[in-house]
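In the part that follows, the structures are each spelled out as structure tokens.
Shared between the two complexes below is chain A, which pairs with chain B and chain C, respectively.
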Partner chain A sequence: MKIRDSKSTIIFKIVIYTLLTLGALICVFPFIVIISGSFTDNHTILTEGYGILPKNFTVAAYQTIFKAPQDILQAYMMTFYYTIQGTSVGLIMITMTAYVISRPEFKYRNNISFMIYFTSIFGGGIIPWYLMYSKVLGLKETTGGSMIAIWFPALMSPFLIILMRTFIKASVPDAISESAKIDGAGHMTIFFKIVLPVLGPGIATVGLFLALGYWNDWFRSSMFSTSSKTWELQFYLYDLLNATQALKQMAQNTSISTADLPTQSVKLAMAVVATGPVLLFYPFVQRYFVSGITIGAVKG
Partner chain B sequence: MGKIKKLLSVILMLCMVLSLVACGSKGGEKDDDKNPSGNTGNQDDTDDGKDDPTDTPTEEPAIDTSEKVDLVFYVMGDAPVDEVLVEEEINKILLEKINATIDFQFSTWTDWAQKYNLELTSGQSDMIYVANWNSYGTLATAGAFLELDELLPTYAPNILATVDEGLLNMCKVDGTLYSIPGTWPEYTVNGIKYREDLRVKYDLPVPNSLENFEAYLLGIKEKDPNQGLLTVTTAESSGLVTAFDAANVFNLKYPWITNNAFPYGLAADYNTPADVYDYWYSEDFVEDMKLMKKWADLGFWSRSALSDPNNDESFKTGLCVAEVAGQNPNKHITAVTDFAKENPDWTSAYLAYGEVTGVLYPASAIQNATAIVRDSENPERALMALDLMFTDQTLNNLVQAGIEGTHYEIDANGYYKNLSENFKYEGFNTWNLRNNDYKLKQESDKLLSEMSAKYAEIGDKTKFPNVNIYSNFTENYDEYQVERAAVSDVMRQYLAPIQAGLVDDVEAEIAKFLEKAEAAGLTTCRDAFKEQWAAYCEEYGYK
Partner chain C sequence: MKRKANRQLSSLQGMLEKQYFGKKLAILISMMISIITVLLYLPVFRWISVVNTESLYETLKVKEKAIALLETNYSLFNILSFVQHTRAGSIGLYSMILLFLIIAALYFNLVFLLRIIKKKNIKGNLSIYSAAHPAMIFSVILCIATIIYIDFANSKFGMTGFVLSPAVYLILIISIIAFIFIKLVESKERLLYREHGFLYELKKNWILFLMLVPTFLYLIINNYLPMVGVYYAFTSFNFKDGLWASPFVGFKNFEHLLKADLFKLTKNTILYNLAFIGIGNILQIAFAIFVSRVGIKWFKRTSQTLMFMPYFVSFVILKVLVYNLFEYQSGMINTAMVSLGLDRIDFYNEPSYWPYLITVFYLWKNIGYGIVVYLATIMGISDEYYDAAKVDGASILQQIRYITLPLIKPTFIILFLYALGSIMKGQFELFYQLVGTNGVLYNATDIFDTFVYRITTTQPLSIGMGTAAGLYQAVFGFIVILVTNFFVKRKNPDYALF
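Right after this comes the complex of A and B.
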């Protein structure tokens, strides 16, 4: 037997569902415009503007892109590389750091935690940051170095370390690791055999944060890339737009050729090609995201 | 507490030791590098004078190029695909002639202003692209670039011989030379771009005066009411000069010294630069604004023009029949090419404001120039490389157009013809290395050079032949920055609707605008500007 909803509940549900549907539509709308625009003839976009359904349907924009797809593919590859490299190395470093500062027997754990936390409030600013990587570490001198400079700076963040520490503290009671110690386990054994196996959701959360950060990053490419071969995907797209704008502006003062800049529809098609796969992938992993953060938060 | 203190002090000490080590090594390197290559000439002089007067190679300081040097040239924009290929070709020649290699580094167009400054701070490049729109003056005053006056005769004699002294003078900041300009004269004169085919079709006058411009638009409106006329917005009017783009048409009426005259509603005629007058307070201004209202009422532009986004493709797509702001001959040529491609029966025509008023001059030399970064470790070799790239025809063509046969060829008419997408014309974005003698002519250059010739003729007849007398003037507004910003806000709020003709009572609105502007500090700005301008005219002898 089903319990029937009372009248007020039904009204409430109707209102909520309408609001949520509206909200969802507002979120989806820009994507629809982008996709429809990418299939619209460029001249139509310029004279009649964008529409929800493509007027004068054409795949010319996609043909233009896939005539020379190597640039996009290269950018895709590099982003995958940075994401995998950064996420895996970052995860190892973050969990290990978090484990160390979560151990009660570590005397200076609070001092070290404070220093990690401190950097999240007071930073040196962009100039020292840039000089550190480009000049002191000399990473901008070679192409290989500039690739390191793209993934290296984002390996660890205070927020993620503290999140992980809270998580470890909450899910591994001191008593367990203490009894393991009595049984003769060293720190390595405790970390790999006892702590890591229960860290699943924490690793998923932190890993997702890291991976998303790497996937969406364009700034470090902008700062450190010395060759367009090492560009991240987001930067490739961003620069495409910026170049068009900048060249148009420059053309006011000096004679430069602006004849073959990408057209509106090509830009939109680029956006579809670049974000499409992520859009499909995102809904499936997003739930880990939410559950992971809440687990860490409630018990911390 | 004690523990924390100890810990902190240890960390502080570590930091200091580290920074000492870092700084020390840098300083050491620089000294080592500079002595053998750079200052040998000077040192020889002094040493010889003291010890051994018999052999004195003082006349020609020997240039030591025995040590191979890698130079970095920082340029704007994105790299061409064949960057490495062309660099290798360039380096072959450079290695042979001055034992140096060059690596082009590109700012990309993302955050370029920020990266440009970071590049100067870190000092990793040797040569760098500079331009007035890239805050050349400010950076030079701040000491970002190396003084070139004394180095030029020794290390860049060819540049000294090729580049006109007048051009070099334009690149001077406070009397010191910091950059080498390109020598291709450009006339980026503002004007009106209009549809010649429609003008002929409906038998309308050339829009060479306010009356004719009105007749041109009105004629099109009568014959074809659905045709859009102007898509003017506030996009090109962000400064302190105008607040709405359509106000640019008044350049047809006044022989002002520069496009749209001075900021703060001041103005001076080109022939009497020292005689500054108040445009905003004049009867002319009221009359002009009434004309704007008339045009707005006639429906020349949209009622929502003030909030419309800029559509810079509207002329190309036929949404408007004339553009009056931010135009130059190159944009006309782009329009000609676009029309030929997409609407062959449309034609674009261009009328420079200067053709009507007789005030015309080439663009400032500092539009495209090259400077040597102050922290460069090999400024001498960088200057030598620059000298070669600029004045050696083979090298100049190689840098500007790539490898002949692979990237371009010269067609039967003697025009440049691109062969490869991987390195287009000026693929390295080195607009600063345009050498008028060696520049490979493009087909579109034909139209451009015809226009330039026409402008040069007019420019010759002006009071200061072919000189942009406004170009070296930089307003120093440190002391009235706040007032300036406030005036700018008032202009956007009160002047824009007046210039867009979207008010009922023009005179009352002008009075209100001036009142608000004065409250914002207009008088302070004006007085300071007038004073600085008078001093500038005095210094350069413009009367």
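Right after this comes the complex of A and C.
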């Protein structure tokens, strides 16, 4: 009895360790290929394909990128601007809203919650949304306008508001704010002196979700940018990929020299540069995402 | 002080009981008014009559054929047909808003009447009053909007074409009267039950309201106002008339869509999502259980961290990746095929591979997220269950089968219902970055979101059809949610979405 059990346990252990190793490898493998490809020289990629380790190690691709760095620096700066602006404004709005709908004495909290939730189950569709920003508000006519149209739409989401509310409920029990109120504290005092100081993890988690969304966005640039000056980094990368693809096809048909096109390794290097900060910070911030998702999942 | 208030209250209570007749009268009057209003809302009463028909048709350049279809009297329900036949697009949006308003007003009046019949006996008549407010307010808004509409339309025509029936003024006046009546009796009854109205709340908690203002503005701009824009689904856009005056064409866009792509888009969107939900959840649950069963701490943490990583990269990076794997000339798979002595596969010209590829990369990107969700639930299971099972000699597989799986069922059901609710929402970024503008693959990979995006960015003339596709998607999804929620609520209210 005992022996049979431990035998099946051992087999089970072997199976799960193998599967988990495999799963982890499959998830990481593409990153390794991209990174090693960006350090391989272009000719090797074309003739021998990719490898786990760079054959013929070279930093030529990165040198090419940073030889004329204005464009990518501009995109980097714009992305930092959008991320910082959107995350800070969004955090302020989300925290305030979550605080209001977490107050048990606020009569209309359920109405407000439903109004927020309703946006996730029905919408007018993307075309009216686009026309709202571009034609009704006229944001596409100026550079400043299209910058607003890029950061404004992603300021909040129902999920993040509910998440923040859960954090507030968990970190400030109703009894505490209730007793503060009896002592004469107004909503401002409760919000700034009692709720905000203990909301650190909640703010970090929601802020990171927002920041990740801003960093990885390319869609709003494709919708609202009128000049490459306002492009987000991801859209810059996207445009580069598309332009090379299109040019390559043209070159095949018309015999234009392909020498000036960004090479395969340059594209990969660009991808590394564009993802860099995310992968750099990932080990440190991962736990915030885990705690955020965990809390959100428990709450449903 | 308190005693005084108490005395006041008890005298008030007596007063209210005495005034019961007055209360009944107020409700009776507002009920009568509501019934009259509802009757006047019915399409048999034509609120708008068309005058100076000949010169009006001339200024609007109505075709002979269309004149035969026109009537001289219109209700708000069929005024859009006038807009359609005369191709007077400039008043179309306003006409549609009026249509929505009259439906809303009708609905709230009926709710009010039903509430009187089926009275809830909590807190006296307060539930009746709270149902009366929207009914009366919407009636007033509708009447004022209609009065303005007549002026608006006439100024757009450049002449007097529409004349308003006096019934509208009647409704306006009696609705205001009913509203005042209700307010009067309500304010007294509120004191009795210590309930407070909106203004009191606003005064007491103005800071809370102030804190909501930015969010309100955001939601209105980003979500609620664009809902009005579904009007474009019923127009045929052209550059001459512009956005505000393009002719209203009824359901023509939907007919075009039905003939062209609707079935394919619906099928693709739903099937992909079903595959994502089904395979995704199975894999996520399996791997979450695996991770939870790992004893070595560093292995547990590392494997989880690594599998969560793809969630953090952008879809553009995914595009780089997929392109470099599957490209014909130097793609990794094809170079491997060649070195093995096999033929190259032209992935980007062969639609049949893409459903699998898209599903695989969806799973790749989302498995880490799902593992975290399920792991949270598994970690919440008390060790006692497992210990007891071990004492009874249950193997690991039996423990999983009889303890873990039943206990993560609630999480699975909630996630499943959420996913079912968004079954019509496509993973736009995933599809667009993987397939892009490669028309060869559309048959197998086009979903609503990519279709609409393509129209928005490249075919401004078809925005009518694009909006129609978006509206169909939204309404279909909404109905799915309502139906799911209805049945879930009946079966087990704990799982209800709202």
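Rule of thumb we're sticking to: the second predicted complex is superposed on the first by the 251 of 300 C-alpha atoms of A that agree within 3 Å, B and C clash if a C-alpha of one lies under 4 Å from a C-alpha of the other, contacts with A are read in each partner's own complex, and residues count from 1 in each chain.
The working rule: contacts are C-beta pairs under 8 Å (C-beta built on N, C-alpha and C of every residue); 3 or more make two chains touch, one makes a residue touch a chain.
Since the model is a prediction, treat every value here as computed from it, not as a measurement.
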item	value
Chain B versus chain C as contact partner of A:130, first or second or both or neither	both
Superposed model, chain A: greater residue contact from chain B or chain C	C
First, second, both or neither for A:222, with chain B first and chain C second	both
Contacts of A:193 with chain B and chain C, given as first, second, both or neither	neither
Which of chain B and chain C A:43 touches, first, second, both or neither	first
Which superposed partner A:140 touches (first chain B, second chain C, both, neither)	first
First (chain B), second (chain C), both or neither touched by A:9	second
Touching partner for A:108 - first (chain B), second (chain C), both, neither	both
Contacts of A:238 with chain B and chain C, given as first, second, both or neither	both
Overlapping contact positions on chain A, where the chain C interface meets the chain B interface	46, 108, 126-127, 130-131, 135-136, 218, 222-223, 235, 238, 242
Touching residues (chain side chain A, partner chain C) in the complex	1, 5, 8-9, 12-13, 16-17, 19-21, 23-24, 26-28, 30-31, 33-34, 37, 45-46, 48-50, 92-93, 96-97, 99-100, 103, 105-108, 112, 114-117, 119, 121-132, 135-137, 152-153, 155-156, 186-188, 191, 212, 215-219, 222-223, 234-235, 237-238, 241-242, 264, 267-268, 271, 274-275, 278-279, 282-283, 286, 289-290, 293-294, 297-298, 300
Complex interface listing, chain B residues touching chain A	3-4, 7, 22, 77-79, 83, 105, 108-112, 114-115, 118, 121-122, 124, 133, 186, 188, 311-313, 316-319, 326, 328-331, 334, 337-338, 342, 363, 367-368, 424-426, 431, 448
Residues of chain C defined as touching chain A within the complex	196, 201, 205, 207-208, 211-212, 214-215, 218-219, 221-230, 232, 243, 287, 290-291, 293-294, 299, 302-303, 305-310, 312-317, 319-321, 323-325, 329-330, 332, 335-336, 339, 364, 367-369, 372-373, 375-377, 380, 393, 395-397, 411, 414, 421, 428-429, 433, 436, 449, 452-453, 455-457, 463, 466-467, 469-471, 473-474, 477-478, 481, 498
Residues of chain A defined as touching chain B within the complex	43, 46-47, 108, 111, 126-127, 130-131, 134-136, 140, 218, 222-223, 225-228, 235, 238-239, 242-243, 245-248, 250-259
